[in-house]
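Structures given as structure tokens follow.
Both complexes shown next keep chain A, but they swap its partner, so chain B is in the first and chain C is in the second.
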Partner chain A sequence: MATVRLSRTDAGHIPAVTRQAQRWKTLVDRHLAATVGGLFLLFVLLCSVAAPLFSPYDPIQIDIPQRLQAPSWPHLFGTDEFGRDLLTRVLYGGRPVLLTSFLSVLAAAVAGTAIGTLAGYLGGQVDNLLMRLIDVMLSFPAVLLAILIVAALGTGVPNAIVAVTFSLVPTFARLARALALSLTLEQFVVASHAIGATGPQIIWRHLLPNLLPPIIVQATAMLAIAVAFASALSFLGLGVEPPTPDWGLMVSEGQRLIYDALWVPFFPGLAITLTVLAVNFLGDGLRDRLDPTLRNR
Partner chain B sequence: MRYLISRLLWLPVVLWAVASLTFLVLRLTPGDPMGQVANLIVDQAQIDRIRAEWGLDQPLWQQYLAFLGNLVTGSMGVSMASGMPVSALLAQKMPPTIELALFSMLIATVIGVTAGVLSATTRRRSVDFAARGLAVLGLSIPWFWIAIMLIFIFAVQLRWFPVGGRIGVGVDYTTITNFIFLDQLLTGNWAGLASALHHIALPALAIGLTTSGFVMRMTRSSMLEVLHREYVRSARSRGLPEPRVLWGHALRNAMLPVITLLGLQFGALLGGAVITELVFSWPGMGRMLLDGILRRDYAVVQGTVIFVAFFYVTANLAVDIFYHFLDPRLRES
Partner chain C sequence: MSTQRDHEKYLKAVQEALLTRRRFLQGTAGFAGLMAMAQLTAGCAAPAAAPAAVPAAGEAATPQNGGRLVFAAEAIGESLEPGLWNGFGIINIVDNIAGYLTRPNSNGNWTDPAEGFLAESWTLSEDGKTYTFSIRPGMSFHDGTPVDANAVVRSLTRQTNPDDPSYVEGLYMHTAFTTGRKNITAADEMTVVVELEAPDATYLYRLFHPSAVIISTKALDELQQGIATNLVSAGPFKLEKFTPGAEAQLVAFEQYYLGRPHLDEIVIRGYPDEGAMLSAIEAGEVNFAPYPPSSAIPRLQQDASKKVVAGEPVVDLFLACCMLNGPTDNKDVRKAINYAVNRENLIEAVLYGLGEEPATLVGPTELGFDPSGKEISRQDLAKAQEHIAASGLATPIPLTFTYESNRFWPQMAELIKGDLEAVGFAVTLDAQDAGSYWGKIFGGQAQLSMNQRSLWIPDPDDKVALLQSGGSGAQFETGIVTALPEYSAKMDELLAAGKSEQDPEKRVAIYQEIQAMILEELPYIMLAYYTKPTVMATNVEGLLPGAAATERIFLEKVWLS
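Here is the complex of A and B:
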């Protein structure tokens, strides 16, 4: 701690580059878990987006002579029962899960914040109606709500996105409502009312900017849940269709191979675990930073 | 008291809303419940006849009223795939799932609370860091994957536990309620009870371990808050042994938020059970729900979802009431 304080007070005498490096060092020291989590998440995203650059193999092409090979140099994660390189499939297999979870968290955050802000700002009957609706949605265990929606819409990535979005909306709506409710009582909102600001102006200029930080923290926490839900749906066979590589589906297809080829279900499941872990680290770090009461715990 | 009564009066309203939402979601979406059956029947007249039999030719609002009427009398329709009443299917498949969820909750509570207290009392030391790390890891592992890994380690490699099923093949047992533990206790069948425990251990551990992460984190932060309170200090100053201060005085007060969390997690546990069941070939609602979805057997999907949601809502209400009795301050107001 002492060195950090020194570098700050003497900032003028230290070359800019060192100052920058020092700042980064402080950031990493204080938020090691969040930094590692964030970087790992970026790494996972990069791997799935640029999968073709990392691997010489085809994720779908069947190559029977190569089937069920244990991990080795040419095939770091081994091969599956159709002789496909497992590392390649794990790289490609993040795409549906990550697409589903990122898009559904984004959609749920936007929809939930809109519902919650309106309910909290307008109050009265609108608030009552919207919140009872949210209560009903919360009466379903979230996984079950997602499964129900997929059951109605049918399988596939777009439907999975809709399903996961619906199961996440209530949490955002509740948070946004609580925040909007307490913000409308703040002096600056009351004052802008007094000088004649309209409802949309207040929501746009005062409520939303102040809502955003906690919503972002919540979104990170929800991202971990979204990845878990998305992979659970594809594990159940309600996501993408084979032979498209997908983490949840690969675990499901590989589970009967545990007697002689554990690596087939192991690596895709490890990929899900590490991704969720990274998101959780990032989320915890962001929350600690935003919520001062949690510091020093 | 007034709060409790108003909560109890709300219950039927919430249940009605849950049932209606389930009905609407399944009806207002593309996809014909006849799709599955129509593949097997070529004759249009036959399709029309079956449509009429299931009331699918009536306008939606009439179907809705019929659905509500049936629900009130406890009828949930007939499975299109098996021809069995859904309520009979549920009576058969619900006990295994509830048993699994209860055992998972027990494991999650024991592990989570113990780890949470340990971690709070060793704050910022290695035990604390290890416990917190394991908790985050636990809640990051997908249910289905930890289930498969537990099977690999404890059933395939070590052979300590069976790979699946509810009770050993060749073990004599009686079915009364289909709650296997209750039935064996009632009939005094100790061998059957032991076999059932042996079978439920791994699936319950798979769900319990992931949930214990949430329980541990909540226990830890709640304990940290309580440990600074006067009553803990005064208990210490009276010279009570530290374990009694921790487990008696502090934990009792710290448990309130944990109990709320457990109530909320019970829904997640049921969801987790639905998924974990598939890995352990557990004959519960999970398999039934998934088959219902894949066969577009709407009556089964509708019945299962409504049942689980009812159970979840009621469990949460029970937790709320329990909470009120635990905290005298809430009881007074």
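Here is the complex of A and C:
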């Protein structure tokens, strides 16, 4: 019996590259908003990090004759009261906001997860003590807590990071505790106990890997809040010091000009809005991917 | 079975129809984008063409009675106690309630001689030290009690008398009218005698300082410290309602001695946020705004429904160098700061042209103004660098720059910071709310600070008195009393001589010497003479422009056409 060797394509097989592309296409189709959000966030990050490469202007160089120019080719976003190119300042202005947001969410996720996991796993008095502490933190409105902390520590990016971190920790701690409580009842954890695994081993090998997906989803949701918080602190004058560009500060400085030179507060405001939306879309997509209960909806 | 299927179908339909978070976000993004683009397109459009010309000033219209003026103050403080500083908004309320012994000249020229108010007339002794005031007969306070000599004496002494039931700790504004006063007595029911330690050419002006309000004796006895929310005086308007921190409602006083004022009612409302104030002006919620954001002035000047009155350049904007602290205790540092600052940029970019390049504290419309000071109060980067080198300090020189976080101060600070860093300073901006700012200044804790001085009393002494050794300016804001005792003593002598000299020509020479001393040590570094604008609806008439140039805004002659 003669055998005919069929090429993979002839047999209806799809080349690996095409298969990969189809997988991506399906992913993009299913999570279009998340993809757009993720790409936009990446774009914003890239623009902020590589701002000097994109802009021919100095973000703090004053040029009074060029002040309050409406958007035009030389100045796509126009210029501000002191003649500085707004596009340049928007590009640079993302740096403090994104740095504050990413670092504070990372720090809050680490600290909150550690607190929540310990409370959930150990239970008893440790749980009581840690959760009452979290209750105290939750009793302050998050923005107010952040403002209080910056007022006490002083302005600047490092202090803003501390402030935003503090205001986000309770959310992570609550979530991690709830997850840890339910995981400790799972059979694989009980079995680990039975075979003599120590507490740290169980936390490290069983709890944390299972906590991670929902914590990541929570972190993206919190990132949007952190961007808004960081911008709010700058808006209130508690972030970076002028003339360093910062989106919140630029909106604050431009609000007087809303009737006369709308572009001055508009573009940094738009940057904040779009970034928050992008993070939200990305968070939604991640939740859909990582939450098994939503995966097939 | 079919029921089950229908139910599932129904549920699916409902789920699809529900507003999910994602749909909400997407919808919001789209809507916000559309709205923003629409707004931006409108905002970037070419400015509207100039409106039809404002009707030419022709024959004077007859003032009409009636109407309500809504006055946008920059903020409203918590207390009407005239002996305390509670911000310009409170001063605006007090000035329209108050009866003073004297008043600014009714011709509207702020620096013209004072006129009588509660005092109908006065005489001055030959040695120039004793004033005898005759109280205007038939006047009454807003509570109906008569104005007499006892009320005047009580009002002008209570702020220094801890036994007075209205006394509160911390009253200090009275120095405006008590400095140099030896004695004050009621010679009879309608005569007040004031003895001064030395002749004082400014005394009649100082009697209409906002702290020199004459208050009803009955109110002082009954309300005591409660006058802080219910000030009863004899001015053209009486206080109807005061909401601390928010607004005051004033109504016409029918028994006012010059006849009822034209307006029925004035609402003085605080707008600490410039954006909110601007929105209120745009929306027509207020028809009188003497503290508008400078950035809006060019456009508001083109608005047919509003008019803009720019006053004379009597508001000094300056930097104060505190010599109690480094590095501003170093004379070369002060000189470097002076030569580093680009005043043209400040006037152009922050004041939107509403200012003039400065000389010293004495302004161009004031007695003894010395324009030669403009040569020193000007940017000269080479000289700034020379003084930095001569200071002996390692660069960058760390410098904390303190200012109030309201009005145009933050923009000023940002530009000045750039100028200073360009010549070798490392500036830390220290924006404070008004209360914290003054706490820091009066605590002698600042290095470089920024503030203003208006000509509340129309005499050059009002500004240079900042350097009088008994005042907080000399003690804390600049610290010259401690840092430069001989200089301070000499300044005191000149200030006293300037006040007591009656011959205007000799006074000019004294004030020019004072200005030269200021430029030599630079405790104050001038930034600009600000020509403060006032925005009002086109139907607001009768405002005295001289008074409007300062923060002293008297509305008794204002009417709505």
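As a working rule, the second predicted complex is superposed on the first by the 279 of 297 C-alpha atoms of A that agree within 3 Å, B and C clash if a C-alpha of one lies under 4 Å from a C-alpha of the other, contacts with A are read in each partner's own complex, and residues count from 1 in each chain.
Please note the rule applied: contacts are C-beta pairs under 8 Å (C-beta built on N, C-alpha and C of every residue); 3 or more make two chains touch, one makes a residue touch a chain.
In this text, all values refer to a predicted model and were calculated from it rather than measured experimentally.
**Student:** Residues of chain A touched: more by chain B or chain C?
**Tutor:** B
**Student:** Return first, second, both or neither, reflecting whether A:L39 touches chain B, chain C, both chains, or no partner chain.
**Tutor:** Neither chain B nor chain C is touched by A:L39.
**Student:** Between chain B (first) and chain C (second), which does A:A21 come into contact with in this model arrangement: first, second, both, or neither?
**Tutor:** Neither: A:A21 stays clear of chain B and chain C.
**Student:** Is A:G237 touching anything from chain B or chain C once the two structures are fitted on A? First, second, both or neither.
**Tutor:** The answer is both, since A:G237 touches chain B and chain C.
**Student:** So, does A:V136 touch the first partner chain B, the second partner chain C, both, or neither?
**Tutor:** Only chain B; A:V136 stays clear of chain C.
**Student:** May I ask you to decide whether A:A191 touches chain B, chain C, both, or neither, giving the answer as first, second, both or neither?
**Tutor:** A:A191 contacts neither chain B nor chain C.
**Student:** Looking at A:E253 after the superposition, I want to know if it touches chain B, chain C, both of them or none. Which is it: first, second, both, neither?
**Tutor:** second
**Student:** First (chain B), second (chain C), both or neither: which does A:L277 touch?
**Tutor:** A:L277: touches chain B and chain C.
**Student:** Tell me the contact category for A:I60 with respect to chain B and chain C: first, second, both or neither.
**Tutor:** second
**Student:** Does chain B (first) or chain C (second) touch A:L148, or do both, or does neither?
**Tutor:** In the superposition, A:L148 contacts chain B only.
**Student:** So chain A touches chain B in one structure and chain C in the other; where do those two contact lists coincide?
**Tutor:** Shared contact residues on chain A (touching chain B in one complex, chain C in the other): 237, 255, 258-259, 262, 266, 273, 277, 280-281, 284.
**Student:** Within their complex, state which residues of chain B touch chain A.
**Tutor:** Going through chain B, the ones touching chain A are 14, 17-18, 21-22, 25-26, 29-31, 123, 136-137, 139-145, 148-149, 151-152, 156, 221, 224, 267-268, 270-272, 274-275, 278-279, 289-290, 292-294, 301, 305, 308-309, 312-313.
**Student:** Show which residues of chain C lie in contact with chain A when the two form their complex.
**Tutor:** Counting only chain C, the residues touching chain A are 21-22, 25-26, 28-29, 32, 36, 39-40, 42-44, 274-275, 278, 282, 293, 295-296, 298-299, 345, 348-350, 405, 410-411, 413-415, 417-418, 428-429, 431.
**Student:** Can you list the residues on chain A that touch chain C in the complex?
**Tutor:** 33, 60, 62, 64, 67, 70-71, 78, 81-83, 237, 241-243, 253, 255-263, 266, 270, 273-274, 277, 280-281, 284
**Student:** Across the complex, what residues on chain A touch chain B?
**Tutor:** Per the stated touch rule, the residues are 132, 135-137, 139-144, 147-154, 224, 228, 231-232, 235-238, 248, 251-252, 255, 258-259, 262, 265-266, 269, 272-273, 276-277, 280-281, 284, 297.
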